[in-house]
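Below, subunit A partners subunit B and then partners subunit C, in two separate complexes.
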Partner chain A sequence: MSIRSQLLLVAGSVAAMLALAPAQAQETVKIGLILPMTGGQASTGKQIDNAVKLYMQQNGDTVAGKKIEVILKDDAAVPDNTKRLAQELIVNDKVNFIAGFGVTPAALAAAPLATQAKVPEIVMAAGTSIITERSPYIVRTSFTLAQSSTIIGDWAAKNGIKKVATLTSDYAPGNDALNFFKQNFTAGGGEIVEEVKVPLQNPDFAPFLQRMKDSKPDAVFVFVPAGQGGNFMKQYAERGLDKSGIKVIGPGDVMDDDLLNGMGDAALGTVTAHLYSAAHPSAANKEFVAAYKKAFGQRPGFMAVGGYDGIRLIYEALKKTGGKTDGDALIEAMKGAKWESPRGPISIDPETRDIVQNIYIRKVEKVDGELYNVEFATFEAVKDSGKTKK
Partner chain B sequence: MTTLFTILFDGVAYGMLLFVLACGLAVTLGLMNFVNLAHGAFAMAGGYICAVLVNNQGWPFFSALPLAFVSAAAIGVALERTLYRHLYTRSHLDQVLFTIGLTFMSVAAVDYIMGSSRIFIKLPAALEGQFDFFGVGIGRYRLMIIVICGLLTVALQLILAKTRFGSRLRAAVDDPRAASGLGINVPQVFAFTFAFGCGLAGLGGALSAEILGLDPYFPLKFMIYFLIVVTVGGSSSITGPFLASLLLGIGDVAGKYYVPKMGPFVIYTIMIVILIWRPNGLFGRAAAR
Partner chain C sequence: MTAVSDVSSHAIARARWRPAEIVFWVLALSCAFLFPSRYLIMTDILRLALFTLSLDLILGYAGIVSLGHAAFFGVGAYSAGLLALHGIINEPVIALVVAGLVAMVLGFLTSFLVIRGVDLTRLMVTLGIALLLEALAERFSNITGGTDGLQGIEMQPILGMFAFDMFGKTGFFYSLIVLFLLFLLARRIVNSPFGLSLRAIKNNPLRASAIGVPVNRRLIAIYTVAAFYAGIAGALFTQTTALASLDVFAFERSADLMLVLVIGGTGYLYGGLIGAVVFKMLQELFQTITPQYWLFWIGLVLVVMVLVGRERIHRWVLWGPNLIIRQVFGRKAGVAVPESDAP
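On to the complex of A and B.
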């Protein structure tokens, strides 16, 4: 039996079960939360899980007369696991939503299942543009790399940065970040003087940084996976690039609130564009950060916000459908949804089902002895330009 | 021209680091004929112990370094006495399966206790930054690595070649039965050697946190580098792995600088070329066993 026909069978049986047992399904609404809770991406999973728990504590676990039940599964960011878990959740646990997805391949692996079973897939982390195009049942509450990379490109070109050397990890998100940055930066009159792609498992940045230094740029554009950012910043300072006046710019993933304090003062002055900073000066965010810190003893990062808004989107959609869990109705209800998130005003683009949000330009500064990304410029309601071009 | 020296300097520092990390493996593999793929786990243990001492307990970096050595060695002794010694006489496949299992357990344990994100060791200010030496940029931290590792290498070579313990060890390796007949306590010698190798790994782990990054996947990520050093260097002496580490360190750094597109492959190319030329490694004994 081919995979396609297996899936059809799965979808068919799910549909049949839902049709046969409507009375049962009315009691609870189940959300299958698939996250990397172990492995290299575990911090993403933990943040999202925390945020979902926090939201449910604050808002109760009943919406529109239905009890919400979250079933957490760990896929360790391996797409094969994601697919198997999504299938089990849909078929055995009969979940009404699948959510989470720490990395792009995981989100893509679940996409055909969402389509066939007509179960909304809420992407709370993965950031490649194409994801929402893979199924009409995918809605995203995190971000796309294009959003932050194009903005930092525009900003750099307008703010006196003429020559940039790029250092990006050689994998899909790294290449996305590089291409979107390059496109907007060169369109704004900037010049790329050096382009280095570093291997993903890169133990030592020294030779690449020496190359950056020798090409004498105004700034270095960086995208490396979360975790390597600290190493990068330390070696950047070690080599004296900070003193020779070369700035670090990039999409804000590198300066995740999670890791920022561990990077030390080397990170001071780094300018990044991103959707969220724990220092975002709004009442909603202050409340969110305080509650998150109280519950989990650490600062929330942008992944936590993706999870927090993701579960909120599910609540809002259920309120709108009056508790009905029909996949198509839920997706309709989500389109155009709009609220004030801890990160600022956000909405779901009715056409692409992707998130529309403000992108902030931030600079790393010391606030009360801790490092924070302090926002100083805002680009409002940024759509994902990875898709709008088509 | 000065850039060339900076690259050379960085390469030597990187190579020295590889050597301290891998030479314990060269000892257990070459001298004791035991395949210990869990070697990186001891390095990780040393690194995390140093990090906890410095970051949480406020120890100075330089007093935490010896403790990283001692505690990794202590863990090594404990495991050698309880687990490893039962596998000395088993086939290499058994040893590989056992130690790779141990590696995965260490990864999961550290992930559980310390969390999966990368950690850093807070360095004293004196070790940060670069200074200029006739126009050549010298990183202070890397200079310290070269000094420490250089001294260690000399000491190791002297211990193995000149001391009574060194000759006992070599005798125990060449013919354990004859050695114990001569009154050498072979298991004790092995336990001590094993612990020493683990201690070196622990020290290497603590030193490498700054440059290579320290997270629970350290043993898996760098296993391949340790093995390359040992295969290229040959495992019959420590001069071989030492030269191999330097060669690979310099090759890797220079390759990444001059041909960044080919960067990650340089180290493997060097390995393949050397192994075609000398299948037993640079200083391997031809078909010793």
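On to the complex of A and C.
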């Protein structure tokens, strides 16, 4: 009679399934927030989640008469999880926005769903150029690698750096960073002496760093995703590269504010181009940093700012549509949106739905005993050159 | 009665369909109509169930432990993905079988490594093969898409008639049919003389070879069949999600599989299916309650489950229902759960 007992077990599970059946949408606007809350990219997810919570604390959870409800899901940065979660959020929870997306493959996996369901997809982290081209319903509030990489390429060529070795993570954003840097740096007369791609899942940089050291460049151009920078700098210092006069340059992901303070003095003098520094000297940023520190006991990084502006964009769009949640109307409302973010003035490009923002050249310095990226040059209203080239 | 007829009558008795089994499958089918908004998670469960069935074939019946079963899952997934992406075979059903066969070939080739040595060696070898394949997939990113995964897979309608839809309805029925057919096949295999000889090998390989069972050949055969099953599960994964990324080879996938089988019980085919249902339900439940720390809770449940013992949990779960059954059908009608190694 054993089989019958198994049936009972299954019946129990089915009852559990019923209990999980979602509530139906009422006078609320639901946002499905899909983030990596566990696994290697968890720091990204936590920052964005924190920032979204912070914004909702500061601005209340009601916009245009609608209550905002955020449903947080963990995809551990695995694209098929992302897709399933996005699908379930859209179909079952009837969310009006899907948001988050810690890595490019996750953002791409959800793109066809955004198109099919006409649900705006707010990309708060992933930084590959092509993302916004995959669906007319994608809007980005983070950054693209092209924005910062072209600018650091120009800057390096103009500031006496002749030979550069590159070390980039081998996936779409890493390749974007490499290509755009190379293009602008070599156009400015620079030379790439060594090109190394490291696997994304392999945080051991030591063998690669040895090759870097042997090729004796003026500087190393580094792109690793946010969260891996600390590990990179540690090994960089262990190998003695910091004393050999080889400078680290790159897009700012490697010098994420989240980890910067733990990197030690080896990071001093690193020059990066990026959209945000916790040391950005504006009133809006000071307020943001203070509130974030107070609430979560740590410094916000650029991922937090992406999340903060992402939720703000949703609020602004809802204000404009008067609480209407039609996908097309929301996307129209988001196009051309403009405001002063903690990172500086930003807007949404009406044509590409990508972010337009200032890119700053920063140098790591000690301020009040803590390491900060101190901005010393600004490039205003930078568009994503990944698309403007086409 | 001679020993031979005793064995065969025993085997025939085991192979007979019980009414409760039919009820199980009817119940599975009825889930499709009971929960029309939960197709995706149910499809996920079906894929996991098929994958677990594969591990049960080698672990529960032949006693081969494996921590690298994701290798075959991944090969099946990438095969199906590449076939669809490059338009080599557009028909999902044929592509599914081909992907399964590719995994099967790999299973056959690696089986020679696996049958050498005993449990610990096998764990290491299987684990090594999966890691190797993962590294290869990452290295040849021009074929596999590397960490970004295979992008832009578009699935054609099944048999040219049933298109995959956003709600996962087609995917669910497709997976359910595939699971059912392969389950029938597995049921036939384990109840055949071949299946019985596997059990003999599992219990005592030395004695099995002494009574004339060709141990290595039997193990190679079942390992190859299991690889086919895992490959089909992987191909189903790609076809129903239109995705294939490096994590199909991930160690976590193989390890989860082991957990599923531990929950459900080895050595009876329904163990994998029930384990998959319970495991996914727990995961879904904890992820909904705490997206950040769900791993802790699922870990805790597993530890408790192992400490308490599956049999005891089953008895507790069945206490209520049994009370009712006994009231209705009399004292002897209670229900018991098969132990991990059903005779």
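Basically, the second predicted complex is superposed on the first by the 358 of 390 C-alpha atoms of A that agree within 3 Å, B and C clash if a C-alpha of one lies under 4 Å from a C-alpha of the other, contacts with A are read in each partner's own complex, and residues count from 1 in each chain.
Convention: a residue touches a chain if its C-beta (ideal position, glycine included) is under 8 Å from a C-beta of that chain, and two chains touch if they have at least 3 such contacts.
It should be emphasised that the depicted structure is a prediction, and the values quoted were computed from it without experimental measurement.
Judged by the touch definition given at the top, the superposed model places A:Thr38 against both subunit B and subunit C.
Contacts of A:Thr378 after superposition: neither subunit B nor subunit C is touched.
Legend: residue contacts after superposition of the two complexes on their common chain; A:Pro199 is shown touching both subunit B and subunit C. Of the two partner chains, neither subunit B nor subunit C is touched by A:Gln57. Of the two partner chains, subunit C is the only one that A:Leu108 touches; subunit B does not reach it. In the overlay built on the shared chain, the residue A:Gly262 is in contact with subunit B alone; subunit C does not reach it.
Of the two partners subunit B and subunit C, more subunit A residues are in touch with C.
Of the two partner chains, subunit C is the only one that A:Pro79 touches; subunit B does not reach it. Contact with subunit C, but none with subunit B, is seen for A:Ala172 once the two complexes are overlaid on the shared chain. Once chain A of one complex is fitted onto chain A of the other, the partner contacts of A:Lys234 are limited to subunit B, with no touch recorded for subunit C. Put simply, subunit A uses residues 38, 199, 201 to touch subunit B in one complex and subunit C in the other. Per the touch definition, subunit A reaches subunit C in the complex via residues 1-14, 16-18, 20-22, 35, 37-38, 46, 49, 72-74, 78-80, 83-84, 87-88, 91-92, 104-105, 108-109, 112-113, 116-117, 169-172, 199-201. Those residues of subunit A lying in contact with subunit B across their complex are 38-40, 42-43, 196-199, 201-204, 206-208, 210-211, 214, 227-228, 230-231, 234-235, 237-240, 258-259, 262-264. Those residues of subunit C that touch subunit A in the complex are listed here as 18, 20-21, 23-24, 27, 31, 34-35, 37-38, 40-41, 44, 138, 141, 146-149, 151, 166-168, 237, 241-243, 245-247, 268, 270, 274, 277-278, 281, 284-285, 287-288, 291-292, 294-295, 314, 317-318, 321, 333-338, 342.
Within the complex, the subunit B residues that touch subunit A are 3, 6-7, 10, 14, 108, 111, 115-120, 122, 128-130, 137, 139, 141, 210-213, 215, 217, 221-222, 225, 252-257, 260-261, 263-264.
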